[in-house]
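For reference, the structure discussed in these notes is given below.
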Amino acid sequence: MSPADDGAEALIDVEVRYAETDQMGVVHHANYLVWFELARTRLCSQTGHHYSEIEQMGYQLLVTGARLDYRRGARYGDTVRVACTLERLSSRGLSFAYRVHRGETLLVRGGTDHVWVDVAKGRACRIPERLEQPFASILNGG
Amino acid sequence: MSPADDGAEALIDVEVRYAETDQMGVVHHANYLVWFELARTRLCSQTGHHYSEIEQMGYQLLVTGARLDYRRGARYGDTVRVACTLERLSSRGLSFAYRVHRGETLLVRGGTDHVWVDVAKGRACRIPERLEQPFASILNGG
Amino acid sequence: MSPADDGAEALIDVEVRYAETDQMGVVHHANYLVWFELARTRLCSQTGHHYSEIEQMGYQLLVTGARLDYRRGARYGDTVRVACTLERLSSRGLSFAYRVHRGETLLVRGGTDHVWVDVAKGRACRIPERLEQPFASILNGG
Amino acid sequence: MSPADDGAEALIDVEVRYAETDQMGVVHHANYLVWFELARTRLCSQTGHHYSEIEQMGYQLLVTGARLDYRRGARYGDTVRVACTLERLSSRGLSFAYRVHRGETLLVRGGTDHVWVDVAKGRACRIPERLEQPFASILNGG
């Protein structure tokens, strides 16, 4: 992966599922959010804490916003590569950026915003102290 | 609906969603299980307890089996009718039957089996006492 | 609905499906795009042409962009109301806006951008002539 | 893989997606049909013809039946292994069997039945001649 002082990037290969296509013959546009999440899971695990472990600590990264820019559609038979980077990190939230490629062709770009939630209290919170350094280490261009 | 001594039937109308189609131009076969569940929710609510309320009591109806028999495919633009009945009721589990029609045409038939789970104990249990009579009242041909 | 010179608004009621929830206990964020599409289908049908009919004419409204702003999560047991309006209409594309409410509470806002595609030619095209007036009639605040 | 005279088996590893969980905290039961399909795609490709290529030849393998037997639930954080074998092959249809394991633990078993469809004619047909030998070669225990 990238050198540590440039932050990290998660790359996953996703084989398109037949169920993900629609009658237009391409992947339905909502599925890219699911692929983004799969790449985000991979990036988060590069902090040393799988996201399921973060939930077990009592925290969640609630999605507050999402943006998608669709250039070309993925098709059944394709294996696409999804890249995820951490673009913004503040005391209360963070933002990820995503790119989906088929070979050299950019298919979709996007971003998601998240806030930390303390599950027991049921409200937004600061980033848990023990996760500060791990998430700072994956911040892109940090 | 059916007379009380014949049990109950839930009927719901479902407008096919574009996202539910696949590149074959019909509804992807996994979605019928989701429609079955929507009709099962409606039937359960006829016991006087919405399924979300049953979960809040600390119980779940875990799916242990499913069968689907596909005759014809639903298409985007269709509104289909999904019927659900309670076919079997024992002390520890129950089975539902489903039929999906487009007008007079039968599209899909199916069934699901479930066991009661005590969520706190994390294991199978008998039907909660206060739910015995309500579920008996919706048993088909009871 | 709204008076014709204010354009039109489609309103649909969606009962949350159990399958739409995730382990966070709320509706997974990708499903809102599916609900948006369901409301968009309803709005398009107010032109007098169901979207499936538009596809049969040989045209598609390809999604080129999407934005979602999540305020609160819908839950199993909820029936939410999704509103869709046509915000922008040009010779080659259009944009829709969406709001999801549970009662008076705004849950999610969003928007999608689309271009017309001539399916036979496999490329972007101008709005089909016979659809110009119908779509102008549903333009919001037109 | 298995020796040729024992037929073939496709094995795929699937990382559970957050979106595949439901509020019960396990993978929603409809998703196993999607995973089955992903393993079926892999097995079909062992005939030397990816299923997308078969569709391009003008044929489809329509799903006519499905059975699922759920033992234990997969969870977010799990990577499960899905195995698919061809259990039955006749002139007009075929049946696949599936097993989903997490490590040594069997989670779900199932089966699906399919018939060949000639897309242009819009009706069931015999197996295309050029696919007879390839599919016979992957028949389990053939």
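Per-chain residue numbering starts at 1, and chain names A, B, C and D are given in the order in which the chains are listed.
One rule holds for everything that comes next: a residue touches a chain if its C-beta (ideal position, glycine included) is under 8 Å from a C-beta of that chain, and two chains touch if they have at least 3 such contacts.
These figures come from a predicted structure and were not determined experimentally.
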item	value
Distance-maximising chain from chain A - centres being C-alpha averages	B
Which of B-C and A-C has more C-beta pairs touching across its chains	A-C
For chain C paired with chain D, centre-to-centre distance based on mean C-alpha positions, whole Å	34
Whole-Å separation of chain centres (CA-atom averages), chain A against chain C	25
Mean-CA-position distance for chain C and chain B (Å)	29
Residue numbers of chain C (touch at least two other chains)	18-19, 23-24, 30, 33-34, 37, 76
Footprint of chain A on chain B - complex, ascending	18-19, 21-26, 28, 30, 76
Chain B to chain C touching residues, read off their complex	15, 17-19, 33-34, 37-38, 41, 50-53, 75-77
Chain A residues within the chain C interface of the complex	23-24, 29-31, 33-34, 37, 55, 60, 62-70
